Every structure is written in C-alpha cells, then in structure tokens.
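Below you'll find a set of structures to go through.
In the two assemblies presented below, chain A is common to both, partnered first by chain B and then by chain C.
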Partner chain A sequence: MSIVRLLIGGATPRALALLAALLAFLVAAPAFLGPYALSVAILILYFAFVGQAWNIMMGFAGQLSLGHALYAGLGGYIAAGLFFHYGIGPWVGAFVAVAVAVLAGCIVGYLGFRFSLAGVYFALLTIAFSEFTRIAFDHWTWAGGSGGLFLKVQGGVTDILNLRGGATLFYYAILILAVGAFVLCRLLLESRLGRYWLAIREDAEAAQAVGVPVFRCKMIAIAISAALTALAGVWNAFYYNNLFPETAFAMGRSIEITLAPIIGGLGTLFGPIVGAVVLTGMGELFTDLTEHLKISGLKQIFYGLALLVIVIWRPAGVWPWLAKRLGVEERGR
Partner chain B sequence: MTIRHPTRRDLSRATLAGAALVGAPAILTSGVARAQSGPLKVALILPTSGVQAQLGIACRRGADVANDVFAAMKIEGRVEITTYDTESKPDVARTQAEKAVAAGAHILCGAFDSGQTIAIAQVAEQRGIPFIVNIAAAPQITEQGYKWVVRNFPTAPMLITSGLTLHKELFRVTGKTPKTAVLMSVNDTFGTAMVNGIKALFPKLEMPYELLDIITYDPAAKDLSVEVAKAKATKAELLMPVSRLNDAKLLVQELVKQRWEPMGVMNPGAPGLYEQDFLKTMGKFGEFHISNVPWLNPKSPMTQALEKAHAEKYPNDQLDLNGGFTFEAMLVAINALNRARSTHANALMEALRRTKIDQHVMVGGAIEFDAKGQNVNIRSACVQNLKRKPTVVLPADSAAAAPIFPMPGWNDRRRG
Partner chain C sequence: MSGARLEIEALGKRFRGLRAVHDVSFAVPAGAIHALIGPNGAGKTTIFNMIAGVFPPDAGAVRLDGRPISGLRPDLVCAAGVGRTFQIVKPFKGLSVLENVTVGALHRHADLETARERAGAILDALELGDRRHQLAEALTLPDRKRLEVARALATEPTLLLLDEVMAGLRPTEVDRMVTFLRDLNARTGITVLLIEHVMRAVMALAAHVVVVSSGEKIAEGTPAEIARHQAVLDVYLGDAAGDAA
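This part shows the complex of A and B:
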C-alpha cells in the first residue's frame, strides 16, 4: 500500500478538503498575522507537536508519562550545548540530542516495562528521572549549571543553517515539525505496530496472550515519543535562547505537555492540535480579561474552571465531539 | 422547567463569538501604528501570577507610584504604564512582549527573572524597542552584545563582591571581627549560583574569617534542625545564610530553639531576612539580622518622596528593593524621554545610552550605562533589621542608624 493511500485512506472528501484548507492557512499565516498573533500561533504549534509526541505514549500505547520534560530538556541542552561550545549547528546537534533522549527513554522504559510498572507507578518513575536529571544539570558546568545556558541573540539576522532568526523562521520550523509528527502518527497508527499499541492500551495481558510483543512495542513507543519530544526541546532552546534546569526539567513543563492531548482527545490524531488551539486561545483570552480587570492571578482561576468544565462536559476530549459535528470522524480509536 | 438544548445555530454563534474574542486583540493590535509622540507608553512585563507573583507585585507597586513621585520631585512628564503578566514563565514573557510591542509600547521594562528577561530581550532586539531591565542578575544579559537593552541592577558577581566587601566594612566600623563563618544555602538555581560565586570570589577578596563549612538544603525543606545542628557544631562565629523567605524563617526558628548565638546572622546578598513577612512572623527574633543587598538610600530626597507615595497608596506593604529598582526603571525611562524629546525608538535608545541620573533612590552612584548597557555604579547596602524595619546601617553616607554587631542574645531584653 502506498504511503499516500495510507495517509488519506478512509478519509472523506470533506475531511480532506478541510485538512487542505487548514494546511494552506497555516502555510500562509505569517503573511497576514501580526507579530503577536504569530507568537501565539507558534505556541499553538509547539504544544500541538509535543502533545502529539506524548500522545504516542499515553494515547496510543496507554503508558502514562508525567516526566516528558526530561526528553525536551535533554534535547534542548544537548543541541544548545554543542552549538554554544563547539559551534555545531542544531541540524547536526539534533541527531545527538535525539540519540541521548532516546537512550534516556529506553532506560526509563526498560526499568518500567521490564519490571511491569504500570499506571501511576510508571508515572512516578518518569517523574523521578526528570527530577534527578534536573539536579544533575544544576551541577553540570558544561551545561551552565544552575546559572543557565544562554545562546547569543542577534537582531535582524536570518541564518537557517544555525537556526538563528526571527519569529517567521521558527514558525515554519515548528510547522514542519508539527505536520511531520502528524503524518508520522497517522502512518504509525495504520501500521501493525499501531494496532499492537491500541491492543496494549486496551488490555496489555490480553494482547500478550494473543502474541503481541508487548515489551518491544512499549519500548518503541517510548523511543519514538522521546525522539520527537527531544526535537521540540531543540526547537525550544533555539527559539528562547536560554535554558535553566529549574524550568527545562520542571514538573510543570511535563504537565503542560500532557494538557493539549487530554483536552483535545487522547489517542486521536487531531486531539493534540485541537487541544493546543483551545488551551492557548483560552489562555490568551483570559490573559486579556485579567489585564482588563487588573486582578492578578484571575487568569489561572478562569483557566482552571474552564478546564474543569471541558473535562466534565467532554470527558473524551473536544475533538471527537467536534469531528462528529463537522462530519469528519476518525475511525475507531 | 424546560431545558433548551443548544442548536447548531447557537453553536455557530458561540463559535464565532469565541473566535472573535480570541482573535480580536491580535487583529486589532497588529494594525496599530507605533506612535511617534505623546505620552511615553511603558510596557511593564512582570510575573504577577505564578511562583514569583508576590515579588512581581512588589515590583509593580514601585512603578504604580512613579508619576506621583515625578510630580513631587518636579520631574517633567508622565509614564503611561501597562502591566503584562508573564505568569513566571519565559514563553509567556515572550508572547507578552510581542503583545506589548503590537499595542504600541515605546519602552519595555521587566522582568524580575533572568530567563524571562532574556525572552523579552530577544523581542526587543528583533523589533528594535528599548528594554530597561529592572531586576535580573544573570551576567549574560549584558554580555551578549544586545543593542536595545540596558540594565539597572547588579550582576550576580557584583552582588557577591559588594556584599562581602560590606562584611569587612562592618567589622572595621564595629571593631569586632569573627574569625570563622559557616555558609548555609538553599540549593536552588539562585543558591547554587551564589555558593559557586562565593567560592570563586572568597580568596580574591581576602576575607578576614575562615569559611568552615558550606551546608546546603532543599528550598522546600520543612525542617532545618539537622542542618542548623551541623552548622552549630562547627562553632562558627558568623552565620551566612543564602536563603529565600520561608527557609529564612525556619533557619532563625531553629537558631532560637537550639540556643545558638553566633556573633551575627549576615547574608552575603540574598532575600529572606529583610522581607516584610519575615519581620512580621519572626517578631523580636527577626531583629538585628543583616542583609547585604542593594537598597533604597534613606538620605535621598527622592527616596523619601517614593516612601511617602508608596505608604499613601499601599499602607500595608513595605517598600523594598523590588519596588525601588522598578521605580528607578520608570525614572530612567522618563529621563530618556525628556532628553530625546521623542518617543521614536532610536531616539529613546540613544538617550538611554547617554543616561546620567545623579539623583535617584537606590544606594550607589549616578545611574549610567556602560557600553554593554550595564549600570556599574550600583552598590549594596548593609541593611539591618532594627525596630521591625530594614534599616541602612552602611555605607556611612547613606546610613539611617549605626550598626549593632555582635547581635544581642536571644533573651536579651533589647529584642523585646
């Protein structure tokens, strides 16, 4: 079966038309969006991308990771460190970053899956790894220690080879990553591996009983998820140009990564994208409201209440409900 | 009662309304041309929610009274301040900076935290908007060759050097010099950076005491009895804490409980000991501790005007270095406008580079920026808690009271 057929097979003409329109809109967006709107669009794409990466673990393979900041932090630090110390550009640095993150993911996965840690126990393991990596980076002078690692910023410079430039460059970089992750996830879901993951998610013991190589499938899931998250970390490091262990490996960052797929719809391809749009849009709306009312912290209260309403109102996420209304439902996920 | 379920039309309306609400600020602001004249629009970008909220709000209070102080000091002009919340996150700081520029801000100011400050600095560099850093100590901020950034706050090495130099000055003035010291530090980003800085600078500064031990602890510690017992066992004559607020309280509580009475509790440049909440909570046991930090110069007429305006507007809140430096950022901005006579970015930046403000509120020389955009004239002050108030006791030309060192014992009646 050709890749194109795998990608669009089963999609209705309406769904394909909407997808094409969305893609065209995203490609053309920098031409008509102002700098502020563009920075919001960048945040949406970033959260959609990392959400897609996390969704492979939780949404497809059913493994709860609450320490994904580990892979983003490692990816960012490795690529930024190589660039800062040796002038190695991020396109090369990203390979090293991904390799290190995959290795870390495999260690976490091996310990978790080999010893049958599941659910919250596996989640605790992921948190523990993220935490002690943070402490290690606090004392690693090559990475700047607790004082942080800073990349030089130059205004008005566009250098694609070294990923140096303005918001438009980073917009297209994260757009390519987000689209790439979407295509990859679609292909994975249509593959035998994808079917195995869904079987494991629904009932790991039953899957094992019918011959699914559960351990291997879970290891592949964590490796792919870690690799994609590390790429997000590389992008993040070069976009913001500074890294601190306290924020790069923070629990809060791990939680942020999980929100878009949970709100959008776990295990769905469009869930992380819709979740990122809803969460970022809502965040900006409440920020404006808070600034208008001049009450600090009001945003967090509204934001929390809105999340509560969404979770109660649509426990399966916003996307399955929205897809039904748009007539573009994904097949049985 | 009949419940009316939403129809598809209702849904479409709601979706359109939601989209309009979300998109409106962007659409409206993206087309706003940057004003070339009129009042100076300052975007004050601070963490007013999240983990740094209290500190960000303390900063904002200093800016809130800026126009009143300008009027009292007969300084021409007014600043039109719009506050943007970073939520204590660098990514939000960057988006907020973009929003501020799109809304027509002439000058950006912030952001208390180094990571958030650098995120804003990138927007300033890329969009060509002057950025005044009120508080952020990472040396890299002014070491990267930014063209649009000035900082009126000391770097971490400046803080440590200035703080340790004041230790020697205090011993000279009081005639009492401890021979040994122990350093107790929180092991977060700030604490680790301070400990590393002290280790590096200690030999160069030829300190008169021997550093017997460095004891670190977690910022979330709920009990410091073991750490304090360990420090007490060193028999050090001076305790140097690098603390935050809550651990500073735990530390002093343990000192009292364990009846350890060193000659002094004196930090080398850290928060905690001078903070309003510490003073309120610790009562008489919060007295006589010393912080060597940048502080408001009580002898400056502008500080007196600032304290008066702050007390009138915020009678229940203490004015500290956060408010002081943020006020000074507004002062630097209005001073630049008055010399540039234009709100054009290039004119303002050129004026900022040539800043020289002799009369201001913080201890130290005139506010002026070197080629890197750093004010190198800032000095720390020896701030001792006296009568439940942080009081400048050194340098002598800024002192509001004489230093008391060694500090009285815990049962000494002067503490009452």
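This part shows the complex of A and C:
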C-alpha cells in the first residue's frame, strides 16, 4: 500500500479539500498576519504539536503522562546548552536532545510498565520524574542552575542553520514540526502498531491475549512521544531564548501540554489542533478582556470556567462534534 | 489451520496458601473438542489462565504439540497457537466490532487491509457481519460473547479455549453457537477446550469431559459416563443425592 493511500485513504473529497485549504492558509499566513496574530498562530501550532505528541501516549495507547514537561525541558536544555557552551547548532543538538529524552522516557516507561503501574499511579511516576529533574537542574551549573540559561538574541539576523531569527522563521519551523507530527500520527494509527495501541488503551489484558506485545508497544509509544516532545522543547528554547528549571519542568507546563488534546478530543488526529485553536484563542481573548476590564486574575477564572463548560458540554472533545458539523467525521477507530 | 494436541501435566497453583488447582492432568488430542466442567470455584478458569499464560503454574507443565508453553507471556502463548475468550467478556469497547476482530487478525497479518478482510469474513461466519461498524460497547451480551469467539479465532489458533461462551445465551442461540463450533471444528480441525455450565452444549459438542472440583480432577470420560459418575453426582447434587441413590 502506498504512503499516499495510507495518508488519505478513507478521507472524503470534501475532507481533503478542507485540509488542503487549511494547509494553504497556514503556509501563506505569515504574508498577511500582523506580528501579534503571527505570535498567536505560533502558539497554536506549538500546542497542536506537543498535544499531538502527548496524544500518542494518552489518546492512542491510553497511558496517562502528567510529566511531559520532563521531555520538553530536557530537549530544550540540552540543545540550548550545547549551543551556548560549544556553539553546536540545534539541528545537531536536536538529535542529542531527542536521544536523551527518549532515554528518560524509556526509564519512566520501563519502571511504569514493567511493574504494571496503571492509570493515576503511572501518572504519579511521570510527575515524580519531572519534579526531581527540575530539582536536579536547579543545582546543575552547566545548565545555569536556578538562575537560568540564556541564549544571545541578535536582532535582525536570520540564521537558519542555528535557528536564530524572527517570528517568521519560528513560525515555519513549528509548522513543519506540527505537520510532520500529524502525518506521523496518521501513519502510525493506520499501522499494526497503532491498532495495537488502541487495543491496549481499551483493554490491555484482552490485547495481550490476542498476541499484542503490550510492554513493547507501550515502550514504543513513550519513546516516540518523548522524542516529539523533546523537539518541541528545542524549538521552545530557541524561540524564547531562556530556560528556567522552575518553568521548564513545572507541573503547569506538563498540564498545559495535555489540554489541547483533551479539549479537542483524545485519540483523534485533529483533536490536538482544534484544541490548540480553542485554548489559545480563548486565552488571548480573556487576556484582552482582563486588560480592558482592569481586573487582575479574571483571565484565569474565565479560562477555568470555559474549560469546565467545554468538558461538560463535549466530554469527548470539540473535534468529534465539529467533524460532524463539517461532514468530515474521522473513520471508525 | 489444523489442531494442536494439548497436554496438561500435574498442574498446580496456590493463591496465598489457597489451593486453587492441585495435580490436574489431562490431554486433548489434536482436533478434538473436550469440555472442562465443575462447580463454581473449582479452578476451571485458573487452569485456563495457566494455559493462556496469565500467570505461571506453581507446579506441572502445559504442552502444545509437545512444546512446553507454561510460563510464557500471554502474547507468546497466542503466537504459539492458543486463542482464548474471557468468561467476563473483554471487548475493546471504544472500537468498532470490525476493529475488535481486526486487532486479532493483525497477529498473523501485519497489513491492515488484509487483517480487516480476514476479520470481516470471521464476523460473517459468526453472524455479526451486519454489526461490524457498531461500537463494541453497543452490543448485547450474546453478541459480545460471539465477538469474544471471533476475536480469538482471528489470531488463527490451533487450540481454542472457550470460557463459558454459552452463559447468558437463549437455547436457540446456544444451538447456533454449538452448530458454529462443530462446523468450525469439522472444517479446520481446530482443537477446542471449553469451560461450560450449559450441559446442553457440553453434551452436544464434547467427545470427552474432564470434571474438576476444589482444584482437583475427580473424573473424566464421555459425556454419558460423566452423567452417571458417582463423584460427579456428589459434587453437583450433594452427598444426599448419592445416599438416596
């Protein structure tokens, strides 16, 4: 079966047309978006990308990770540290970053899956690893300790080799990552491995009884998820130019990675994207509103209420509902 | 597809001191249909779980065509040729009926399209074809039982372990399942071991019956012999029945 057929098989012409239009819009966006709108678009793509990465574990394989900041933080720190100390560019640094994050993921996965920690117990393990890595980085001078690691900002320079440049560069970088992750997830879902993940998510014991190597499949899920999340971390470090253990490995960072796929629809390919649009859009709207009304803290209250309403209104996520409205439902999983 | 010979030798299992299975031996010849019966708590499902690799036996061995399989992980036992159903059905609830069976078919056919075709054919044979696009959670209990059988068969086993697949079925449905299994056995030569309380099905299907009680084998023989066996009557009807007889 050809890759093309794998990618678009089962999609209606209408769905493909909408997808092509969306892609064209995204490619052309920097030409007509202002600086503010572009920064929002960048944020949306970032959350769509990390959401896609997290969704592989939770949405596909059913393993709840609440410590994904670990992989993003490790990825960011390693690529930024290599660049800062040795001038090694992020294209090379990313490989090291991914390798380290995958190793970390495999350690977490081995402990969790070998000893059959399930559900919230596995989640606690992921939180623990993220937390003690944060404390370790607080004291690691190579990585700047608690004082943080800063990359030099050079105004007006565009250096693709070292990922230095303006918003447009970072927009396209995260767009390529997001599209790549989407394609990868689609190919994975339409493979034996993807189906095995879904089976494990639904019932691991029954899956193993029909020959699914449960442990191995879970390990592959966490490795791929950690690798993608590490790339998001690398991108993040070079976009913001600073890293602090308190934020890079924060619980809040882990939680925000989970929100887009949950709001958009767990286990769906478009869920993380739709969720990222809804969340980022809402976040910006409430920021504006708060500034307008001059009441601090209002943003968080609105944000929390809005999430509550969405979760109650559409417990399976916004995407399945939206897909029905657009007439492009994702095929039977 | 053909059947494999199953040999159970001096199998034993304890759960925290409780003797669940003790010194149970029996064999199912290739291509035969045998039944494993006994009162609730006799250790039937524990024996199944040891064959299927859910946990290793404390003593004894399980052999499939002479090859030891006890102690292997469930997915490797499946690869060795054992398909099993669960007494308390375990459908992949959030997946469609077709995808449930496809997961099983993927075990021997890595290509998704091929696996789907195989799954579709098995569903048709089990009269679930028209429900293939429903979510498994929407199925009624009898259909879920059939789905268990379909998913196990999709792995192309040489030995099929059926754990009370007739329970909860109406008599006409029992007859249809019996017919299906008998045809399947005749067509493919697959070996079948079934745990069953529905005697109508046991009598119609099994050439040979093994009876366990309190973890031990108390009798085995043809269904007719078993129906007359004093120890069996005792455990099923109580000693009073034996005394009266």
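Quick note on the criterion: the second predicted complex is superposed on the first by the 333 of 333 C-alpha atoms of A that agree within 3 Å, B and C clash if a C-alpha of one lies under 4 Å from a C-alpha of the other, contacts with A are read in each partner's own complex, and residues count from 1 in each chain.
Definition applied: a residue touches a chain if its C-beta (ideal position, glycine included) is under 8 Å from a C-beta of that chain, and two chains touch if they have at least 3 such contacts.
Small disclaimer: the values here were computed from a predicted structure and weren't measured.
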{"item": "Chain C versus chain B on the shared chain A, clash or fit after superposition", "value": "fit"}
{"item": "First (chain B), second (chain C), both or neither touched by A:206", "value": "second"}
{"item": "Partner chain(s) touched by A:139 [first = chain B, second = chain C, both, neither]", "value": "first"}
{"item": "Contacts of A:147 with chain B and chain C, given as first, second, both or neither", "value": "first"}
{"item": "First, second, both or neither for A:196, with chain B first and chain C second", "value": "second"}
{"item": "Contacts of A:158 with chain B and chain C, given as first, second, both or neither", "value": "neither"}
{"item": "Chain B versus chain C as contact partner of A:36, first or second or both or neither", "value": "first"}
{"item": "Partner chain(s) touched by A:285 [first = chain B, second = chain C, both, neither]", "value": "first"}
{"item": "Centroid geometry (CA): angle chain B/chain A/chain C, rounded to a multiple of 10 degrees", "value": "140"}
{"item": "First (chain B), second (chain C), both or neither touched by A:12", "value": "neither"}
{"item": "Greater chain A contact set [chain C / chain B]", "value": "B"}
{"item": "Minimum C-alpha spacing, chains overlaid - chain B and chain C, in Å", "value": "27"}
{"item": "Common ground on chain A, meaning residues reached by chain C in one complex and by chain B in the other", "value": "none"}
{"item": "Contacting residues of chain A [partner chain B, same complex]", "value": "33-40, 43, 138-139, 145-148, 150, 152-156, 166-167, 240-242, 244-247, 281-282, 284-285, 287-288, 290-291, 294, 296-297, 299-300, 325"}
{"item": "Residue ranges of chain A in contact with chain C within the complex", "value": "1, 190-192, 195-196, 198-199, 201-203, 205-214, 332-333"}
{"item": "Touching residues on chain B, where the partner in the complex is chain A", "value": "8, 11, 18, 21-23, 25-27, 29-31, 48-50, 53, 56-57, 82-85, 87, 89-91, 94-96, 98-99, 101-102, 114-115, 118-119, 121-122, 125-128, 138, 140, 144-148, 156, 187-193, 196"}
{"item": "Partner chain A, residues of chain C touching it in the complex", "value": "52, 54, 73-75, 78-79, 83-84, 86, 90-96, 98-99, 102-104, 106-107, 110-113, 115, 133, 151-152, 154-155"}
